[in-house]
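Shown next, in structure tokens, is the structure this report addresses.
Letters A, B and C mark the chains in the order given here, with residues in each chain numbered from 1 onward.
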Amino acid sequence: MYNFFNYFLLVYIIVVGAILFWFIFHFLNEKKLFLSNKQLSLDKDDS
Amino acid sequence: MKLFFQNKKNLILLIIVSILFIVNLINIIFFTPMIADQHWAQKIFYVHVPSAWVGFLGYFIVMISGFMLLIKNDIKWDDTALAAAEIGTFFMALVLITGPIWAKPIWGTTWIWEPRLTTTLILFLYYMGYFMFRSFGGNIERIRRQAAVLGIIAFINVPIIFLSVQFWDPEIQSHPQVEMANQPPEILYSFLFSLSVFTIMFILMLKYKVHLINLKNLSNKNV
Amino acid sequence: MLFSLIKKELMMEFRSKQIILSMLFFGLAIILIFALSSNVSRVILSNYAPGMFWLMNLFIIVLGVHRSFAYEKDFDAFSILISNPIDRGLIFVAKWVSGFLFISVTQFVIFVPFFKLLLLEFPENTLLFLSTTLFINIAIMAVANLISGIVLRSKFSEILLPLLLFPLLSPIAIAATKISKSVISLQPFAMWNEWFLIIASIIVIFGLAGYALFDYVVEE
């Protein structure tokens, strides 16, 4: 533990993982919103 | 209305950011010098300090957007404010998580009441209140305006908090490596490169988030 | 205009005495809990006394300010107030001044039980202690009234007010504890003048910000 590599690894995994997770989460969210938006506007056009 | 990354420019920006980030990581791991006594733990500051910088930048944009919303009354400023607040809080949370992990090998203790960390904690708590305030419902126009005022108050308080904590306990010095200019060039340039990568990534995240908020507003109107 | 607003606040309080009495008894309840939950010797307690004093003050100020804004919600009095052609920043100033008077009166009364019930000695320069306390009250009241004006209309104002207020009051809490501690231990002014300046700058900054922003805060 003297060279503290574990701390370094933990921090970088957290940071990189969090940023990746942010992008993936928002991408899936956007897909869901986009599809539901398309569905809603199609329904509106029908009625 | 298209998906965000169907737009050519945004896709190019995403690719550039990804490449820069990987280059940054490689640079930090292989090409930055190893400091005695601190070894690998010293390299944490290449992501910890840029995260803090991006967090404060986000909150600064919340204040500016708040001003513009109050002056111009255009809703897109509130969208920018909300997006910047969320991304800023995301990075502040990263600072608060990585801070103790960095402090443990360097300082020996998990938490320390030094000005920057304390300011980060106070702002983080305050913005949790900000998000609760926004989500508690009511007239949306009123909420936008009042949230703008909350954002302005948050940032004008930052120098006050910083100065108070600095005077609070003179024995607690800031983190080492706080005097950037005195650092040898290899550390300084790598740090500046990391800082710019994080800033460009913040800009991409901000644009993406504003687009998502627009999409959500649109779907709320359609309902 | 400002005078009539302040007179209105003071008369309402004079008739019902709600705010001062509730602040007073809540303060006594807090002192009781402090006394019961601190199982330490008098020396340690006297070191911690300034912090506890300001902790109690922060809690009773949250209660008092919330009450002072909440009675405007009855009968929609607030809408009638802001539909008048007055400078809305003056409403903030009136609430600020009246709130300062209420908390000062409460503190003059509660200062005695605080030191007596916790078995501490009175500070030797009592007058200086009380005057610095009043000065700090001005700062706390400025921040508290501005935030209270914002959360007033929301449904959950009772939760949002302390949630938003306490992070903002952190520098004042640090400064207040430092000033009180220095005054109690009879240090000369030069030792604590930086905290005094911090409180003064908070008063200026939040006073101006409150006066300027209150207009946008209370728009319909």
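Keep this in mind: a residue touches a chain if its C-beta (ideal position, glycine included) is under 8 Å from a C-beta of that chain, and two chains touch if they have at least 3 such contacts.
The model shown is predicted, which means the values in this text are computed figures rather than measured ones.
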- Per the touch rule, with chain C out of the picture the rest is one piece
- Note on the structure: Per CA centroids, the chain at the heart of the structure shown is B
- Item | Separation of chain A from chain B, taking each centre as the mean of its C-alpha atoms, in whole Å | 17
- Note on the structure: Separation of the C-alpha centres, chain B versus chain C, in whole Å, is 32
- Message: Using Cα averages as centroids, what's the distance between chain A and chain C in whole Å?
- Response: 43
- Where on chain B does chain C make contact in their complex? 70, 118, 122-123, 125-126, 128-130, 132-133, 136-138, 142, 145-146, 148-150, 152-154, 156-157, 160-161, 163-165, 167-168
- Task: Name, in rising order, each residue of chain A that touches chain B in their complex.
- Result: 2-5, 7-8, 10-12, 14-16, 18-19, 22, 26-27, 29-31, 33-34, 36-37, 40-41, 44
- Note on the structure: Listed in rising order, chain B residues that touch chain A in their complex are 1, 3-5, 25, 38-41, 43-44, 47-48, 51, 90, 94, 97-98, 101-102, 104-105, 201, 205, 208-209, 211-212, 215-216, 218-219, 222-223
- Message: If we count contacts the way the header does, which residues on chain C are in touch with chain B in the complex?
- Response: 146-147, 150-151, 153-156, 159-160, 163-164, 166-168, 170-171, 174-175, 178, 194-195, 198, 201-202, 205, 209, 213, 216-217, 219-220
